[in-house]
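The following block contains the structure, expressed as structure tokens.
Per-chain numbering from 1; labels A, B, C, D, E and F assigned in written order.
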Amino acid sequence: MNRPSKRTPEEMRPVSLERGVAKHAEGSCLIKFGDTHVLCTASLEERVPPWLRGQNRGWVTAEYGMLPRATHDRMRRESSAGKQSGRTQEIQRLIGRSLRAVVDLGALGERQITVDCDVIQADGGTRTASITGAWVALHDCLKWMEARDMVKTDKVLKDHIAAISCGIYEGTPVADLDYAEDSSADTDANFVMTGKGGIVEIQGTAEGEPFSEEELGQLMGLAKQSISKLVELQKLTVL
Amino acid sequence: MNRPSKRTPEEMRPVSLERGVAKHAEGSCLIKFGDTHVLCTASLEERVPPWLRGQNRGWVTAEYGMLPRATHDRMRRESSAGKQSGRTQEIQRLIGRSLRAVVDLGALGERQITVDCDVIQADGGTRTASITGAWVALHDCLKWMEARDMVKTDKVLKDHIAAISCGIYEGTPVADLDYAEDSSADTDANFVMTGKGGIVEIQGTAEGEPFSEEELGQLMGLAKQSISKLVELQKLTVL
Amino acid sequence: MNRPSKRTPEEMRPVSLERGVAKHAEGSCLIKFGDTHVLCTASLEERVPPWLRGQNRGWVTAEYGMLPRATHDRMRRESSAGKQSGRTQEIQRLIGRSLRAVVDLGALGERQITVDCDVIQADGGTRTASITGAWVALHDCLKWMEARDMVKTDKVLKDHIAAISCGIYEGTPVADLDYAEDSSADTDANFVMTGKGGIVEIQGTAEGEPFSEEELGQLMGLAKQSISKLVELQKLTVL
Amino acid sequence: MNRPSKRTPEEMRPVSLERGVAKHAEGSCLIKFGDTHVLCTASLEERVPPWLRGQNRGWVTAEYGMLPRATHDRMRRESSAGKQSGRTQEIQRLIGRSLRAVVDLGALGERQITVDCDVIQADGGTRTASITGAWVALHDCLKWMEARDMVKTDKVLKDHIAAISCGIYEGTPVADLDYAEDSSADTDANFVMTGKGGIVEIQGTAEGEPFSEEELGQLMGLAKQSISKLVELQKLTVL
Amino acid sequence: MNRPSKRTPEEMRPVSLERGVAKHAEGSCLIKFGDTHVLCTASLEERVPPWLRGQNRGWVTAEYGMLPRATHDRMRRESSAGKQSGRTQEIQRLIGRSLRAVVDLGALGERQITVDCDVIQADGGTRTASITGAWVALHDCLKWMEARDMVKTDKVLKDHIAAISCGIYEGTPVADLDYAEDSSADTDANFVMTGKGGIVEIQGTAEGEPFSEEELGQLMGLAKQSISKLVELQKLTVL
Amino acid sequence: MNRPSKRTPEEMRPVSLERGVAKHAEGSCLIKFGDTHVLCTASLEERVPPWLRGQNRGWVTAEYGMLPRATHDRMRRESSAGKQSGRTQEIQRLIGRSLRAVVDLGALGERQITVDCDVIQADGGTRTASITGAWVALHDCLKWMEARDMVKTDKVLKDHIAAISCGIYEGTPVADLDYAEDSSADTDANFVMTGKGGIVEIQGTAEGEPFSEEELGQLMGLAKQSISKLVELQKLTVL
């Protein structure tokens, strides 16, 4: 098996996390997975959604977008189409759920943090890169709040969260699919895991042939290894 | 552990599949998983989406809806809200992908089959019931076409497809969550599998604590067992 | 004159009213006029529309929908089209007005009852079947409230309300048009009347040739007769 | 009984029809029923709706709108609300049906005429004024076409069409309700009739108490009388 | 140079301002610039937009619309298209800004005046006619309020505001472009000025060749002259 | 007068133009005016809008967007709001018109180039920065086409185009307003000019007091000087 990227099966693309890239946001991170670049910004608001009012708890949510020419062919701008696609909504729901899995909403107080993940350039794996970068933006937003005596970061943020997509490419399980690999992979699975190794989300889809339980296990193995590295990188980044 | 439903961990709710329930549709099935009732209808159209024209292949897609009072509290009608929710879109994309995993689109010819899954009454597990019932509606639509010499059913439909939701309830892995169980389960996972036992989709979400690889394996075991029974039921139904 | 349905001019299709068909709703009725099947559910909410607040009166409203394959050819789902058609809005306004004609909104208290009429299968006369079935759902919702000492049913519900469509088919006035008859009728008129025989709504439309006052009188005669039978059926149903 | 307008029961408001008021339109008419002013313009297009293509028949349709301050209180602009209300759609469907009742669509050829009825000022009876004025705009559009040898006006336009609203005000049947009368009338009925006296549409609604067949007959009598005068006025106008 | 309208370069079309044309509005004006006719109505509301609440200041805003057949070819109704075009929004923002430039919002009190400018017939220059007519409607609305001791008109309305479009037609600067001239002009510039001659808005666009600073000066000269006449006309009108 | 930015009246912020920043686009430029950062990408499509088909001419258009947290307070995402604001539409129309002023659409052939201007970070002057950066993206797209023998760049692109915003801050005309200056400026004017010094667009708005012709002249002087520098920078960038 030869990956188009020449990477070994377990090799991720070069990953970088750059903090503090947005002048106005309370927390921000530009994450790059090779040619996939996502700008994550965390915005604090002193209000919660109507259904949560008066419960002394906060909320963390996410929105996801893509610049029209982030992709190989230009895509129609969703604001001009008048609605977000099903794909966009599916992804932003996933990011929000993933972040909330490591947040103590009670410790946040009656406030909302919205993490916007905007894909500046896309080359596969935008949703998993978004989750991994969003954690850093969220962390820095909490640090900003801590500096103003609003919260204790480590009371609110219980653990790390990071994500990777793995797949079966020409019969071989491989980590971190880029666009070329994703397009022709038989199976594509996204894993979201905590710093302690707990699984928060798993989404596996057979694109061609169904996959077996054994193959799922192999993908899980690659995912654990990759996510463990991403969590290390997060730790170094926010040191 | 006591399930609110008094069922044993591996016990599904009573499941029934009723064919031919819609006068106008080419294929139809009313599926009941206990108090969850979904009407599935398959509609044949002699056209394909624009992006597929001229390729001598067909398309199978799904739409999902819920009657406003299918649920405990009345929900706003999506047609009056002016758009489908993210949840609705996520579910109908899942149903469509699942069906296409067992269809040979080339053998279908340049035609589209739309399977509508409308939840008449909801008590948990509507998406997995939809997939299981949709297979029957799709099968009967193909039989209708076969009777008119349009296709061979067994050329188009390569296998069975069925789905079940399993979860961890008060620490114990259980099959076929109803609404009461789903609301307080720690983990909820949907499995879509073929008649031959291949995995087509897996979607696991930790609602509270993250889950472990071992727990995922236990849920998978329950799912295999349940889906195997559902496939048997499909076979008896279309006999 | 030979009706396609072989019925005599004044003969209605077999009508059935089934109560309590929806697990969650405060009142519900599945009404069948031959192959036209409408599920009516009544939902109680402890709030009124903004323009009615603080007036110590309630509100009764209706919404109408059709499953995509309720009809001979599949229709586009209104939630996916992003709006309700003019026809849908016209019908749900009619159902709401008809129900309110027999309700004492002051006796209801500051609450809203929404009756959803969802067409599961269509074969003509869906709007008149909806009104007739909605009365039963509304009645049962009030009984549910009465059991909780919220209202007296017979204070709120002043009379029965039922509806029928009549038309001129090949020159002869006939009652209860089905789809085949409706499509080729010259005139189509919907009548909504109370149990005491008062007219609440009349909507007559010449599809081909204009009709005369005399013909209107004949249609009215058929309508009276039919509605009187439907009211009897409602009485037996809620006994 | 004293009508707020001091008119006798059968007395209409002063009615005027002014032709040729729109520089660009193929036909136009400003109709005034007292303080109700509606601008009707007919626009010819050399195309028909997609579902009518290739059938060698034309189409006549109508659209209805109201300036935001045509009414006592300013209403939200429908273009800014993002959709037409149910009431607007109901009215424009009625106007279109009424016009088509006197048009031979085959004689029109594969063309569409759209009659826009825009309420400049409202004081009750806007839908019936729209129908009455729309006939003149449509007539003049056909004359414009006849001058260009496209059609024969009297082949396409088979008869006159006019409309009036009658109601029961403080127990007495009266013709041509203005806003003040309409607001407190027990029953409101719109009649659309041809020059020959045939009924094309009748829409009667009990606002308070149900009405009887006898009252409907009285309203019909007033309507016939009024519409006969309106048809005379149309004849004089297009002389 | 021969203008299609035979006017001299500095000659405006005949302009008329008719007050009190709308029965329900607090202020109204029908302005005609030749064949361009705009109905302006001012509506008073005892509320301000949410972002202005509690600041003891008022708001003046404008909305703009066009009847579908105001133009040579029928345009799609924006309410049916489901949104206002970019052009519509651009124009109504301009009208609102222009009016606010001469209003003391503090002296207005916590109230909103909405000026609707609806183009009944279009022949070029609709936005500048709207501004000029809107001032009269606004003035009369304030007079209506003054008669009820709500405000002093001359405290709220600090100056006149009027507007004209000038352009370069076949190389010559001309005032008040009509549609035929606008379509083939090289440059089109809209000027909004106060009674004292201050500039409030200037919008110049090169349609073909870029224009020079000198040409801009010539257009400004024509605009000053025209606007000065329009302000005189406003003064005579509200005398 | 002390500008908050400490700049002299005629001093622009540091400006940088970075080419080739988007992997997929045919041309791209990241322009920075101090803290205002706009990513401009040019996308080529081998089709033109329907109204231009078959005329052997091309089209250049622009779309504008802002990331939700590009601004001091997070703004609602337009795709989630379901429409583009009036401001967005106004700006993208301006960018498109400005670019087309220096393009020979006939020489482009039947193709469309869409330039997307997405504001990554905002600090005033986003529309003028967009125009200036869009020219570079458009230029590079044409070079890309030239390398494939599709066009000659200098046949299509007739001149440079650049833009600047100037204003009157505390009585003094100043160039290149940043957000803090813009918010409290009396007058804000945007100038779009060609490399040869022709004016393509001028948009001046009095925020507080009206401005005089003399002040407009001073702003124009500053604009000429600034735009001349920007054009020099464009030349060096694409060298």
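Definition applied: a contact is a pair of C-beta atoms (placed from the backbone, for glycine too) under 8 Å apart; a residue touches a chain by one contact, two chains touch by 3 or more.
Given the structure is predicted, the values throughout are model-derived calculations rather than measurements.
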Exercise. Touching chain A and chain F alike: which chains?
Worked result: none
Exercise. By mean C-alpha coordinates, which chain is most distant from chain A?
Worked result: D
Exercise. Centre to centre, by mean C-alpha position, how many angstrom separate chain A and chain D?
Worked result: 59
Exercise. Just how far, in Å, is the C-alpha centre of chain C from the one of chain B?
Worked result: 33
For this session: Compute the distance, rounded to whole Å, between the mean C-alpha positions of chain D and chain F.
Result: 51
Seminar exercise, completed: Residues of chain A that touch two or more other chains sit at 82-84
For this session: Using the touch rule from the top, order the ring's chains starting at chain C and going via chain D.
Result: C, D, E, F, A, B
Seminar exercise, completed: Listed in rising order, the residues of chain D that touch chain C in the complex are 83-87, 89-90, 92-93, 97, 101, 189, 193-194, 196, 198-206, 209-213, 216-217, 220
Seminar exercise, completed: Counting only contacts in the complex, chain E reaches chain D at residues 22-25, 28, 35, 39, 41, 43, 45, 63, 65, 67-74, 77-84, 88, 114, 116, 118, 120-121, 123
